[in-house]
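These are the structures, in structure tokens.
Shared chain: chain A. Partners: chain B in the first complex, chain C in the second.
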Partner chain A sequence: MAVLGILIVLPFLTLVYASFITAAPFSGNETAWTWQNYTGIWNEQMLEAVTNTLIVSFGGTTMAMGIGGLLAWLAARTDVPGKALVHLAGLMPLFLSLIVAALAWSLLGSGRSGYLNIILASLGFSFRIDMQTVAGIAFVHGLYYVPFPFLYIYSALTLIHPDMEEAAGIHGANLARTLGRITFPLVRPAVAGSGLLLLVLMAEEFPVPQILGGPRGIETLSIHIFNLMRQVPAATGHASAVCIVLTALVGALVVVQRRMLAGRDYRTVTGKGLQARVLPLGIWRWPAFCFVLLYIFVAMGLPLLALLQGAFRSTLFIPDIASLVDPSQFSTKHMRAILTDATVYKSLANSLIAAGATALVGGLLYFVLSYVVHRTDLPGRKTLEFLANLPLALPALVMGLGILWIWANIPLPVYGTLAVLVIAYMGRFTPQGFRAISASIVQIHDDLEQAAMVAGATRFRAVKRIVWPLMRSGVAAAFIVLFVLGMRELTASLFLFTTDTRVLSIVIYEQYENGGWSAVASLSLVYTLILIALTVAGRRWMRANV
Partner chain B sequence: MGIQVRQLRKSFGGTVAVNGIDLDINDGEMLVLLGPSGCGKTTSMRCIAGLEAPDSGHITINGRTVFDGQSGTNVPVNKRHVGMVFQSYAIWPHLTVFENVSFPLDMEGVAPAEITRRVGEVLELVGLAGMDHRGASYLSGGQMQRVALARSLVMRPDVLLFDEPLSNLDARLRDHLRVQLRELQTQLKITSVYVTHDQREALALADQIVVMQAGRVLQKGDPIELYNHPATNTVAEFLGYTNVFEVDVVSGDAAGSEVSFKANGRRLQAGPAPGGNANSLCVCVRPDHVSLRALAAGDDAPVGNAIAGEVILASFLGSHMQYRVRTGEREIWEVLSADVAAGTRLGSRVALSIEPRHLQVLAKDA
Partner chain C sequence: MPIRSRISKTQLLVAGACLALLAGTALAQALVVDGEQIADAKLFQAAKKEGRVLVYGTWPERNWNPGVKANFEKDTGLNLEFVRMTTQVLFQRVTAEAAANRLAVDVIDVTDAILLEQLMQRNILNKPHKVPSFNRIPADAKDPEGRWYAFMRLPIAVGINTSVIKPADEPKRWMDLLNPKYRGQIGTSSLDVGGSAFTTWLFLREKINPDYWSRIRENRIRIYPSVAPVLTDLVRGEIGIGFMGVTSFQEQESQGAPIKSIFPEEGSSMLSIQGGISSSAKNPNAAMLLVNWLTSKRGSTAIALQKAYGAHRDAPAPTLLDGRKFAPVDDLWDLPLERWGKIREPASEEWRKLYGRR
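Showing the complex of A and B:
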């Protein structure tokens, strides 16, 4: 409770405090209480930011849910060829940090010099792709948030007892009706849960709208907050007030979701091994496979090609399609420069340490948290659950800011070290970690644990011998996700890094702000390869040990 | 010794699941809790196990108070030394049969050699010898049930609790395991509580049956006593009496009475009416206490304590024939006849005769 308090509530309270005063909190400046922050934010810019936020969130969520749900269903329930590839497709975007994705798509589809537009022009089409629009932002969101619905829906689907679907078939339902009446309602918690998560994550997303929309002055709420903070002098009060408004909105969404799912017990696993049934797709097998390939190509292939282009070109200027493949235009000088740069290695080490610590310490914390919430009747567990979900409503920017205001003014040697980043990451990823681990805890029927206690085990030993081993794969998966999320984090780090604690994503962002596109592309490529290597190693390890 | 439960109460939010029940289980006996779905059987049992904290009451196991609402005593589940077979079996899927069964001994800190010996013994006892190293997740239902039983037996518990352990099995396996359970129970003499809503299971297994409804005890007694003398119509129905009819007593004394059926005014001689002033009365008769003979055509008024009717169902059960006979408006009797060769078939006109003492007059539950 205290830990969550420090990680989550304190930054939030700081923010609330900041929204009612005239100066930045704890800054030592003269300050006074005020309502001004709330009355002063409702200008035209704000309204446009709200509209844009809604468009990119709903658009992106719809697209990501469609793709993720379809992939999950194909992987879990059908005889689509190349199952491994489908899994890969569903998880792949995790390898690509969103900042990298946004940068790559900006190379691909911004103005006349976007690679795709050069190709389109050469092929004689008059149609042009423009990623630096609200639609472009929504598209990139939709493309790269697929892993969330994929993971949620996939695990829910594999946990449905095949008998339930078969029973529907027996009682006369055809495939479409079985899906609609049985399968979909059974995975509805997963769909609603991931859908809500996506809406909220996209609403507070920073790098994508910043990189794609920034050059054109397109603002979402988080960009609006960021710009308010960047003004000289920083409009801390207004920024905080905007955050509180966002928090209230998201809180309402969470309540709606709770209502929708109240009073239903979806545990269908009772410890009996399940043999999942596979549905023959018939003539749809190959179209489904092509869909998977297409998604992989658009989400991974194109951006990686773009990054390769950007990283290995000697000059940024591209006159036509021929020069895209002209060997004389290529050089390894940018890549060599990156690979010999000490700051890159330093930032890589920082990223690894911060993400690793977040995964380990955070993973353990979230396990304890989920256990207390779902398996005990301790007073205050509802509050805990609420707190654990609270960071969803706190844009990462703002958490970063709150943490900055707190730790920069506390006489503890935390600010300026990696520890402050770990604190921010742990707080920020609490909802994801808590949900991932809760999902596997609630799938384990109470009876299994109670049987151990009846057999004489203390609660601790029952958890250690029964619950923990049964959840190992779930927890390990959560660890890996946390690690990768930590490696990709940019937004909260933006306020918290110092020269010595720059992480990889920060180095890339700095290069982008300086306009060093070749360095950006080279670094992004390296960054992506590292993420891929880590994830693959993690999954290997998981398969071998869990 | 044994188990004493006094004035046990437990509610969940607004619903009262158990409303002040008393139970006494003698050492080495099996008590069966029988009742319809939702009547609080599982909850009562979970209170004894310590998985549920009662609102109030008192529970003693082998002389040790494990729960007392007044003093706040509540021995945690893992210190109660009870065994429990869950309805879902709760076999841990990530462990082998051996690991599942040895778990309680491991928790007690028994030496490894002793564990191997005792697990071997108990697996032998339940008929799973040689399966030690099978993974538990792919066992059949019956095997899981035996593993669950072995896991509880191996700890030599003070009390063994069963929550509908046979309800997920097919009928033959159920009959088979029921017999085995009875055998084991009489052999091992473990004090047990068994929850079921199947009256055949209850009658076959119990040393004592407690019939529950809506969180209360309706009647308790040994199976034969209970079966022969149900106190009320509800108890009679749970025990499998299919012939239960509402009546008024016309006249009667300690030797017997004359009753009139509410549905159609039919009059029959019956056993003595219960004392006190029950608002409403019923008669019940066991299907094997009704005798059936063919009626000659046109004979509509059989002599003696008998009724005429038409056979609407005839079903061969092996040792018996089961009949349903319509004897009037909203009045259908069930009859079990040992005379399987009688040749009575669907549509036959028959006379049902009942000895007055077998037509028991009961109070009707509100």
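Showing the complex of A and C:
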């Protein structure tokens, strides 16, 4: 409770405080209490931001859930060819940080100079792709948030007891009916959990709407908050009030989710044996495989090609399709500059350390948290669950600022070190870590550990020998997700880095802010290759435990 | 034998004292570069003892590092650490650190006069220090008490993509941008982005035409939330014309982008990076040394090579890549600090109403 208090509650309370005062808190300004921050935010721009946020979140969530769920089901329960590839496809978007994905899609599909539009024009089509729209933002969200539903639903599917599906089969149910009546209802916690998570993550997501929508003046709530904070002088009070509105929205969504899941028992992993059942897809095997290939091409192939173009072009201006392949237009100077820059290596080391510490310390914390919430009768565990979900409502930018306000005031040698970044990341990613682990823990029947305890084991021993081994897959997935999220984090870091603790995403963003697109593309390519290596390594380890 | 020994000891003592004096004099030398004294022996000695200086600044690293860091470190032997942030992030961070008594930075600069004033009011940037070249710095580039100096100043220029705008169509004046032939082709950043954007928008209304805001809006100018996407869209040919600090155009041009910088005939506003010594500087002597260096002829010359005016009058003017000279710094339009405070909010509100956005 105390840990969550420091990680989450304090930044949140600071935010609440900031929303009721006339100037930024802890800034040395004189402040007075006011309601004006709440009454002053409801203008046309705010309503447009709310509408855009809803479109971006629901559109993106629908798409990501559809793709992620399908990939998870194909990988976990069917005889689709190339299963390892399907599994990889579900995790692939983790390779691309969202800032990189947004930059790549901006290169691909914005205006007349977008690579895809140049190709369309040269083929004589009048149709043009426009990613700098609300639909474009939703599309990029939909493509790159797939790993969340994939991991949750995959984990849940591998834990469904096959007896149930077999029983349905024996009683004459076909594939669709088995899926609809048995499989889907059993993975509903994972579906609802990841769906809600996506909705909220997309609502507060920053780099994609900033890079794609920004140039056209499209605002979602997160961009609205960012712009309020960025204007001179910063409207911290209004920004905080908008955050509280967002918190209320998320609170409402959490209540809906709880109602959906209330009163049902999803535990299927019991003391009996477990062997996954494979459903034959019949004629759908190859179409399913083609779908996987298409997804990989659109989500990874195209952006990587765009980054390659961006990184190795001498200039970003491309008059026509011939120029896209003209060797004289290419140069390795940007890439060489990046690969010989000591700052890049230092920031990479910082990213690895901060992300690693977040995954290890955070992973352990979320495991304990998840266990306490789902497996004990301790008082206050519902509050814990609420607190664990709270950061979803805190835009990372504001959370970064809240952590700056707090840790600059705490007389411990933390501020200005990598530790403060780890604290920010752990707080920020609590919902993701907690949910990833919870999705697995609710499926393991407590009769297993009860049996161990009846046989004389302590609770700690029962957890260590029974729960932990059964959950290794889920915990490993959570670790990897946390690690990669830590590697990609940008927004909260903006307020907390120093010369010594600059992380890789900050270096990329600085280049973007400076307009150095070739350097951005080169760095993004290097960054993506590192994330690919990490995810592939993590995936192997994860699969070994599945 | 005893006499010889005594003489020898005396000689040794005298020789030793002379050597120590010589060494001391050598060590305690003033910092003089190219005949210009940047710091006296006492300050230089004290700064060297501190060994490092930490800066929170707004000039891009790609300019700061080769222009300031490399040369300053070479001249002084001190270590310069630079954390680059956007003005608003820098301001929030500095004020939060100061409120928590954790402000350890030595030198701070911002691009916004209002924020600069607030930093002084809050006693964050309130360390008067008159640099050796004080009298060679124009009055509008320094605080009379030496609490801040304009370390870098650069003109706002019009940039065109030469693949989109043909030579015959190149705009020469700000008024040309109102011509309907450029409809939908022009882009720039929102007035709310910060100091230079505000100054530029105000310049266009006060110096070019009172109706400039509404007329260029009718010409469907695209407003961007920051400078970066304006530049990107210009380089990619999504827009043909943009306006911002000339350095950004020059860098793209040097990388081979089809960009040309134009200084409009009616003159320009400027982007000014102003800063000074933090009141709670951990390395106050090194901070003074850096500010001396930045405002010296030597420092301003190094800054000019990075395509910006330094503070010192006698430093050579920066030149464009094609050899053209920058618009003279004295001709650049800037808003006096006292007027900022009065006009900022009403003018911003008016602009926001017209453009329907912040």
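We take it that the second predicted complex is superposed on the first by the 532 of 546 C-alpha atoms of A that agree within 3 Å, B and C clash if a C-alpha of one lies under 4 Å from a C-alpha of the other, contacts with A are read in each partner's own complex, and residues count from 1 in each chain.
The rule is short, and it goes like this: a residue touches a chain if its C-beta (ideal position, glycine included) is under 8 Å from a C-beta of that chain, and two chains touch if they have at least 3 such contacts.
As the structure is a prediction and not an experimental result, all values here were calculated from the model.
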When chain B and chain C are modelled together on chain A, clash or fit = fit
Inquiry  = In the overlaid three-chain picture, which partner chain does A:Thr51 touch, first (chain B) or second (chain C), both, or neither?
reply    = neither
Ask   = Should A:Trp517 be classified as contacting the first partner (chain B), the second (chain C), both, or neither?
value = second
Key: Which superposed partner A:Thr332 touches (first chain B, second chain C, both, neither)   = neither
Message = In the overlaid three-chain picture, which partner chain does A:His445 touch, first (chain B) or second (chain C), both, or neither?
response = first
Message = Tell me the contact category for A:Trp405 with respect to chain B and chain C: first, second, both or neither.
response = second
Message = Taking the superposition on A as described, I'd like to know which of chain B and chain C A:Thr376 touches: first, second, both or neither.
response = neither
Task = Report for A:Ser110: first if it touches chain B alone, second if chain C alone, otherwise both or neither.
result = second
Key: Greater residue coverage of chain A in the superposed arrangement, chain B or chain C   = C
Ask   = Taking the superposed arrangement, what is the smallest distance in Å from a C-alpha atom of chain B to one of chain C?
value = 49
Ask   = Inside the complex, what are the residues of chain B that reach chain A?
value = 49-51, 76-84, 86, 88-94, 103-104, 107-108, 137-138, 144, 148, 151-152, 155
Inquiry  = Touching residues of chain A toward chain C in the complex: what are they?
reply    = 24, 26-29, 44-45, 110-113, 210-211, 214-217, 223, 227-234, 314-319, 401, 404-405, 408-409, 415-416, 494-495, 497-499, 510, 512-518
Task = Under the touch definition given earlier, write down the residues of chain A that touch chain B in their complex.
result = 270-273, 445, 447-448, 450-459, 461-462, 465-466, 469-470
Parts of chain C lying in touch with chain A, wherever the complex brings them together = 54, 60-62, 81-84, 86-89, 91-93, 95-100, 102, 104, 112, 114-115, 118, 122, 124, 161, 163, 192-195, 198, 222-229, 231-233, 235-238, 248, 251-252, 255-258, 344, 356-358
